[in-house]
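Each of the next two complexes has subunit A plus one other chain: subunit B in the first, subunit C in the second.
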Partner chain A sequence: MTGPSFFMPSVVRRQFLVVVFLIISFLSLAPLGASPVRSFGYGLSAIGESGISHPESTMGGIGLSLAYAPFSFPWFEPSLKGEVVAGNTSSGFSLRFVRAAMGFDLFRTLRHPFSVMTNNPSAWSVSLDIGVQFDFDRMDELPKLYLACTPIKLEDKDFWYEWCAPYLTLDCSDGGVSIDSWGFVLFRFTYLVV
Partner chain B sequence: MRKTAALVCIVIAFVFGGGVLFATTDALQDSAATGSVRGGAFDFGLTFGHGALSFNEYTGPGLSATLGATFGITSRLELDVVSVVELVPVPFADVVVGPEISYALLGERSFGDNRAGIGINTYVSAGLLFADHASDGNFAPTYLTLSLTPAVVGSPYSGKRERLAKIGAAWNFRDNSVSLYWSIALYDYYLVGTWKDFQ
Partner chain C sequence: MVSCPDIDICTKRKAARIVAVCLSLAIITVGMGCSTTAAMVSGPAVDDSLTLEEKFETLGFPQVPVSYPIVYSDGPQWRDRLTQLVDQAEDYVILVAFLASECEENEMVYDAICRKADEGVDIWLLIDGTSSFDMTESRYHMRTLGRLREHGVKLFEYNPISINRLVGAPGMLFREHRKIVVVDGKTAVIGGMNINYISMGDATSSAKGQRDMMFEVISPQLCSYLAKDFLTVWNRLSWEEIPSDRFVSVDAVADVPVEEPVQAWYADQSGAARTMSSLYGSLIRSAKESIDLLPFLPYCDSSMLQALKDAVDRGVEVTMIMPFDSRPSNRKASQYMVSDILDTGVDLRRENETNEFLPLLHEKLMIVDGLYTVVGSSNFNYRSMNLSSEVVLVLKDERFATQMTDHFDKLHATTRTISKEEAESWRSVGSFFAFIGGFFGG
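On to the complex of A and B.
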């Protein structure tokens, strides 16, 4: 199967609905944050993923993402992220996976060693993401747990620049936990529009 | 063995780059003081970003990065030392490295004095890349490349530059095959030749 299937098994459908419920709950909290800066944006990223349990799914590709960060907390600022990735595997170019994640910016500081990387003053934060990833080639399986760390995230009022972010996807389907794949986001460039 | 040769080649490239940097820094400072450096190497930056040789039997699916350095030669010409390094699935398993010459089509990339170059430009580039992408497996000159970077935002003067949507062809003259040579984005961080050097 090379494209997304919308005929998910019931257990997957239930998890999908849980994710949708969490997203709606998160959005409903937005007015509490009253963020003074733009909070919604879209992004482009360069991503590679190495399949551990399914080596044939190893791919390199491009991700298109949406991000929503309605709050403006100095610590543990939450954000909501969704991303769809298309890439090239040994069997050709196709949609590879979609993921939804909650991100947490652990801190935010203007005094950092990466200021040389941007023209405008930017804040540095380290972001941790946790979420689920649905592989379009394996929609009959449970979604994988997605864990990511972005060590260099530079923010200004219009952009997020994220660099060199490794991630893991874990298969928790059989009561145990095993690594399904690992990957690397070379960069993700998010433009905040609203 | 091939990996070691590739890494040695990268080190040589950076040492070469460093040598050019030190050789030209004094000239740059002198010329900055006099306000004219046309015809000389007058800026230097480090490059980081995406890069790939695709549809190639020697590179499988995965992610690779471009690491390199860029040297201004004239107001429109620059020399780039580029390396395309595999990150996924096996970090540093495949390395391609070599020089490229780029020409700014839309205007001066840098004047070499206290004037900014064109902020949005288009570059055409030609290069010779070393790789072990041949049946004999030797790390040697392998690819002739020709590429176009349609959107280049920023300039040496501003200190940062983004080269977007680079696309071209790489001819493997050892195996007589052609690959797609492309990059989503490359970021240049200039250490020499920025506005700070002309104050």
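On to the complex of A and C.
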């Protein structure tokens, strides 16, 4: 491969462009002017993943993420997330995958049993994510469908604290659906900068 | 196009580089992006075609009438007055403090807060997240404030320090340093005292307290501004939001008379605002005769030094008194700065050394031309200009300036000059690292 193909086959490139289009569309929904809540931030996570179709990709690693949540809805608050993960596999430490996902916080409540976990009164929500995951070792393949559930997401207005979030990646190529891998985000701490 | 024999390795390296560069840029931008004191030596602050009051107007510092300030310079005296103020509250109390913790010596304040909250008075207490890490004498006496929430007090820690927030390290540089009391929209108190042991303990005994001041005024106008700015900050931080119409608006109290008013200007530096540099820059630039300054920790950057030097070059007598800090490491840190300040021509003095415990001089004060007096939470240092929320009041009143000058002169009598040779001897490598910590840490 020698051309400026962004190291992706054309079918993946098209999907990538669709994701970019969706992101731009989402950004255009953001309220103009000063928002009372911080909406953009970055995070750090600890992740463990077990490869099903490719057991050699089983890894433990860390992730760096970006998040954008321009709204402050008490129900079904949407957000955009991107994350790049580096991890340790049997073949050593390397960049493993990158994901882009749309998240939905199903609800937000200040009355919850996890208040002892934060200094200030925090909000609890359960979050569902759906997106795509590109594996750096398998860039010639179609991206995997990424599904995650975060049962404990505590929110300050400037921080998200996510704990014990299981996820699945599904291989939807060849007309069928099979589990490609599953994993856990042990924690993800996101600092909302602006 | 560069040919790459191993497409995977090439991709990974490129991605890793992009991630590293983006992350570095993000951290630098967030950490230092808003950090500058340039407004002290540029813009309206140094526009000589404007009078000082025109500069304040241009810079957006509102003028507020306040009553002649009552000064509290004794910890227990202020503790008793704060207890009384809280006890007298009928509608609401706003409290903001850098360090707040309960101890035997100040539990009467927190008892009053709980009592009034039980009675239905709205009480908000905003404290800095470093309160739990108070490394002053308070650490031997402090108790948590958990009981306040049980009584319905709205308590919020600004920027708490905990492991799971370390990812926000650049943001952790920003601290809530204001000390504010607002009661029922009528009485306002600002200054340098915290609500902890060291501020409210007895500074004159072996209690190892510190010397500090609080300034109480009656002013619905000032209270309205303080409440408005507090609401903005609070709602940006807390899910327990305050309704936007909870406090009387600035316009509604604009014409309320204040008995024997003193002309004053209010400056709040909270959130992303960076107002202290331009405020202090305006005052220094407009000085014609004298500037008396209690900076607390005078960690100055080049703009601050330039502003001072320009004033000295214009013939202004600038006198600065540094505290003698009984803590050797803190003393070394601030001593490192002395040589640079001496180079500006400022008459820099330090309190006389003593082997006895000397209560730390925590006061912040600036008197310009015997007319303008700056009081509040702001130190004259880089951190207060950039990295902390601060609140100050500039009072234009000869009588008050004279009262504060008398106080300054009493301190001056217990100081000595510092020679350039001595200052140079303090600039060791070990002191440099303490200085860096002090410069950004305050």
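Assume the second predicted complex is superposed on the first by the 185 of 194 C-alpha atoms of A that agree within 3 Å, B and C clash if a C-alpha of one lies under 4 Å from a C-alpha of the other, contacts with A are read in each partner's own complex, and residues count from 1 in each chain.
Simple rule for what comes next: a residue touches a chain if its C-beta (ideal position, glycine included) is under 8 Å from a C-beta of that chain, and two chains touch if they have at least 3 such contacts.
Predicted, not measured: the structure shown is a model, and the values here were computed from it.
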Which superposed partner A:187 touches (first subunit B, second subunit C, both, neither): both
First (subunit B), second (subunit C), both or neither touched by A:158: second
Touching partner for A:179 - first (subunit B), second (subunit C), both, neither: neither
Contacts of A:84 with subunit B and subunit C, given as first, second, both or neither: second
Touching partner for A:44 - first (subunit B), second (subunit C), both, neither: both
Subunit B versus subunit C as contact partner of A:119, first or second or both or neither: both
Subunit A residues touched by each partner, larger count belonging to subunit B or subunit C: C
Partner chain in contact with A:136 - subunit B first, subunit C second, else both or neither: second
Subunit B and subunit C footprints on subunit A, overlapping residues: 44, 118-119, 187, 189
Touching residues on subunit C, where the partner in the complex is subunit A: 1, 3, 7-8, 10-12, 15-16, 19, 23, 26, 30, 129, 156-157, 160, 162, 164-168, 171, 235-240
Touching residues (chain side subunit A, partner subunit C) in the complex: 1-4, 7, 36-37, 42-44, 64, 84, 86, 94-95, 98, 110, 118-123, 136-137, 139, 156-159, 161, 187, 189-191, 193
Subunit B-touching residues of subunit A, taken from the complex the two chains share: 44, 46-50, 58-60, 62, 87-90, 116-119, 183-184, 186-187, 189
Touching residues on subunit B, where the partner in the complex is subunit A: 49-50, 52, 54, 60-65, 87-89, 154, 158-160, 184-185, 187, 189
